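The structure under discussion appears below in the form of structure tokens.
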Amino acid sequence: MDNRSPYIVDAPSVSVIMFKVLLALIPGIALYVYAFGLGVIVNITLASLTVVLTESAILAIRKLPIKPFILDGSGLVTAWLLALSIPSIAPWWIIVLGTLLCIIFGKHVYGGLGYNLFNPAMVGYAILLISFPSIMTHWQIPTNLMENHVEWLDQIKIIMNSHLLSKETIDAMSSATPLDYIKTQLTLNQPLNIIQQNKIFGFLGGSGLELVNLGYLAGGLYLLKDKIISWHLPVSFLTTLFFTALIFNSFSPDTFASPLFHVMSGGSILCAFFIITDPVSAPTTPKGKIYFGVAIALLVFIIRIFGGYPEGIAFAVLFMNIFAPLIDSLTQPRIFGHK
Amino acid sequence: MQFNNIFKFNGGVHPEENKSLSTTLPIARLPIPKKLVLPLRQHVGHVAKLKVKVGDQVLKGQIIAEADGNISAAIHAPTSGKILKISEEIIPHPSGLPDFCITIESDLKDKWIEKKPIAWKKLDSAALIEMISSSGIVGLGGAVFPSHMKLKVNQNQSIETLVINAAECEPFITCDDMFMREKADEIIQGTLIAQSILHAKQCVIGIEDNKIEAYQALKKAAQKTSIEIKIVPTLYPSGDAKRLIYLLMGIEVPKEKRSVDLGIQVFNVATVAAIYRYLELGEPSISRIVTITGNVQNPQNYEVLFGTPLSELIKAAGGKSNKTQKFIMGGPMMGFDLPSIDVPVTKAMNCVIESSPELFPSPKPVMPCIRCARCADACPVNLQPQELYWFSKSSQLEKAKDYNLFDCIECGCCTYVCPSNIPLVQFYRYAKSEIIAQDKAKEAANTARERNESRLARIEREKKERAERHAQKALGAQEKISDDEKKSTIAAAVERVKQTQQENIKN
Amino acid sequence: MIQHYFLIIISTVLVNNIVLVKILGLCPFMGVSKKLETSISMSAATAFVLTIGSMTSWAINHYLLEPNDLVYLRTLSFIVVIAGVVQFTEMVMEKNFPLLYQLLGIFLPLITTNCAVLGIPLLNAQSSHTLIESALFGFGGGIGFSIVLILFASLRERLEGAEIPAPFRGSAIALVTASIMSLAFMGFAGLDR
Amino acid sequence: MITALLVMIFLAVVLGLVLGYSAIKFKVDGDPMVARIDAILPQTQCGQCGYPGCKPYANAIAKGEADINQCPPGGDAGAKALAELMGMEFKPLNQEHGVQKPRAVALIDESTCIGCTLCIQACPVDAILGAAKQMHTIIASECTGCELCLPPCPVDCITMEPVLENSQSWKWKYPVYNIEKTSKA
């Protein structure tokens, strides 16, 4: 191209950024496998395959070059995030359907990379959650807590064909998440300290889940250090969640879980570092990012405590995605030489 | 390196400097070419008014085109010779379109017109500015704004500080650097002259910390003066006037205001030296230092007469190798492709880079914007480049304007850090020139509307007057010429025209 | 009592948002959401009409229809009243904000046929709300409509620059967006208990 | 039945009174839209839209008598701007009224001109100078390129000269880049 200045550039490409995000997910995934077995790997593989195939097909239909848009890695990030958000023993068609929804309705109807208004992974997740509430709330319990040891082959069997195993085995493998459990037990007027004596609770959040969250945290810190994501979003989100929980917890420790529990359970860490940091659907101004993080944290807390769903991240993120353009236009920073 | 009292602006980038390429050799002088081509528009403002005609003999330093009005600059013959032609020639402009130029055939005698040094110490500011207005001196940093206009200060303004811009922040360019090393005295003298004309209370020279030799030369030359020399960190675009003022003084020049309104005036080092040469030696602006660098064999700085064909300079530096695709005028951040190597050297030409695929690899594939806001972090004006891009790309020009597109200085930092390799600056240039064109069209439409309205009003008035006259005449007199007759002639003419038109269409 | 009123507002604004959850008033929602500026004025007009309409309808229902055993005239009389209020708003607007009047164009008189505007008074009558409840219900509905309309407009303005595949341009992508917005609002289910 | 009728009549009367009163109270005269439409029109005054000038066309649009796509000098862009202002769907330029041409100004061949003043009378913006029996000339900076002076000229001495781009009026073009094809169209 003619007359193109600047003639020099120095920036990591979109692919590098996206693959670094994937890399940062690895510790969390490794710990996931350690605590829960290989189910999550199956889901990730299925999701990745679905993404590559669907995106190639869509790009071909739209007559766009396929290679650069597959290699940009954004589809894989979406797929992995979805795979990590759904229960690891959900049947195979859940992840395939979810990924299709993400890629089609979250991403490509809006024009693909860079144009989506909503976080694609959360679009898919939310549709799955309201369509298949039972499957989506049956989470696997950590392998070391299972009464009968379950082979990893069984996990794969459950994922690939749930009829192969008896209902008892599945029931033995799964339970509600700690957040879900607290919610249902609280309605039975159980005090919190009794509820939390259940074996599914660990030292911080849910047993096993807290480990995974620590893995995500490590990956998130790597992304922060490498300046792939800015500090505004995770910091504002986590501090708001922590302090809101702290206020409620100190007000009534019997009904409101501890702030650390809120931060370390559910998808809080994944959300803070990987989900709300999707640059396309989040505000871009520094101030806007802070408002965005704060608002999502508040909504997550409200939905967790007062709402109908045990976990509110997907809804909170989608809800705030709606606000992103408005936040952007209202939080324009002061321009050099302007008042 | 310690930086005292430096105010950092937002963003900025630090590309590889590549300055040492062209600083190994001293400034050389290019031999007088056979033919010189001088565009009439080498400065911001009105085109210079022609003072010669084809066939005239001119002497070196003779005015060949004079300033037309205040915002304009004169053009002098860079050497002695004959006016060969006055015609449209390709000029170093991103459009690649031709413009009016004077071509001089040099007689190689290089005979000066009588030089008239000016006893500037005895004259007051107004008189000096009047004289400088025919010196042809414009901002040699690249802005090419007529310098006498910058020395003029309104009654209600007073200049506190004179800032001398020695930052030269773009990679590759070293013309100011080498000039400072070799002609520090001239710069300091020129600075003192400018300071006294402006009645500025203090004077600061801002220089980046990658030009230590130049800094030391200036320091030595400025020993006995009150001029302060401040080192600023090497960070592009610290050489942008408003950024430099902020770096040095912590003052933000507000939007739509000039630094003069705040009592600050900025000159480039080469510009003040040119003022010195004009007043002290009586030599008008006929040459400048040009860096020729990049893929040439001997990257170096040359003192080049204006109008010298670029090809001469390239030849001297041993350029135009096979790998070369193009030549870039200016630095790699804000420069542009030269339309041809036959363009003349002009007052704005500070640097020419011979491009090669190794130096400037062809741009990587462009991906969509992912709104990562790295550009916003790098923007020295604190704009939101991703939004400006979004609006420019979809031609939502009003919106782009609302997001302060016109505050953009086109420095290229945003493009430099863009992970999607989007030519952001190109989009801003497009949007800006589109808006300007639309505004111009709107203005033209407004004049047309006014003219149309006044015409309609006139017709209305005439009709009324005629009616009145008729009413008076109707009492006795009869009409002299029959209106019908007139009408039929016109109708016939119209009919004829229509016929010819139809025939034209058929053809 | 305050809590009860608060709950009505929360319920109408978020949980049972008239546009995204009850799917009422889609006509102006799709029609006047191309520009943020117009959507703001449209939502103000609608919120005004909703509140006033709810109150006048309540009065008519309470003082005229119910005592006279004329409940079957509800729909008819409500439409008449609302049409009157809309006409009034239109005239005020034409006088005071002529440009806005032009910009809203056909959608201003169409507030009359906006099902949200008729729906809210009917829901009021159905759940035998008091005057204050009716007003709050109308107001909350108006606020819910406004928020959603303004947000939707801001999203659509952003979409102006997006390279949406040809079959999805225009109303198609707007409907997809509206449905995902509706999805996000489902997260509030259960908040009004 | 009677009560129902009475109730409805009562409602009708009350509303009628309120609206009748406000119709008087909030009466509006003049149409602010005309000026806004006129501002978008290119002011060529060429009459290709079928109206004797830009203002009359603006009036007709505001009244809903004329369509928004009848102005060839404004082209598709002008129609788009009008559509946006009026809140209407965009329509491409109606070819019946002409096609958009690059901007041009009229030029009088001064050797052929007989000084009949007919073009002066035709020019909507008084951009032609001259008197009877004297050569006429066009003020290029004021000429809108409407071509209205062409038909009346009895000797066909007026031609339209396209305005060429120079380094001053030159515009940066919309960037075209490889890979991602901009799927506008």
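Residue numbering begins at 1 within each chain, and the chains themselves are lettered A, B, C and D in the order written.
One rule holds for everything that comes next: contacts are C-beta pairs under 8 Å (C-beta built on N, C-alpha and C of every residue); 3 or more make two chains touch, one makes a residue touch a chain.
It should be emphasised that the depicted structure is a prediction, and the values quoted were computed from it without experimental measurement.
Leaving out only chain B, the chains are still linked to one another by touching in one piece.
Looking at contacts between chains, the pair that accounts for the most C-beta pairs is A-B. Mean C-alpha positions place chain A and chain B at a centre distance of 53 Å. With centres set at the average Cα position, the gap from chain B to chain D is 37 Å.
Chain centres here are Cα averages; for chain B and chain C they lie 56 Å apart.
Shared contact sites, meaning residues of chain D that touch two or more other chains, fall at 175, 177-180, 183. Counting partners per residue, chain A has 1, 62, 68, 111-112, 115 as the residues that reach two or more other chains. Looking at chain C, residues 158, 163, 165 sit in touch with two or more other chains.
Contact residues of chain A toward chain C in the complex are 62, 105, 108-112, 115, 117-118, 123, 126-127, 130, 299, 302-303, 306-309, 312, 314-316, 318-319, 321-323, 325-326, 329. Note for the complex: chain D touches chain C at residues 3-4, 7-8, 10-12, 15, 18-19, 22-23, 26-28, 32-33, 36, 86-87, 182-184. Chain C contributes residues 150-151, 154-155, 157-159, 162-165, 168, 172-173, 176-177, 180-181, 183-191 to its touches with chain A in the complex. For chain D in complex with chain B, the residues that touch the partner chain are 38, 41-45, 53-55, 118, 124-127, 142, 144, 150-154, 156, 165-175, 177-180. Touching chain D in their complex are the following residues of chain C: 38, 60, 64-65, 68, 70, 73, 76-77, 80-81, 83-84, 87-88, 91-92, 94-96, 98-99, 102-106, 163, 165-166.
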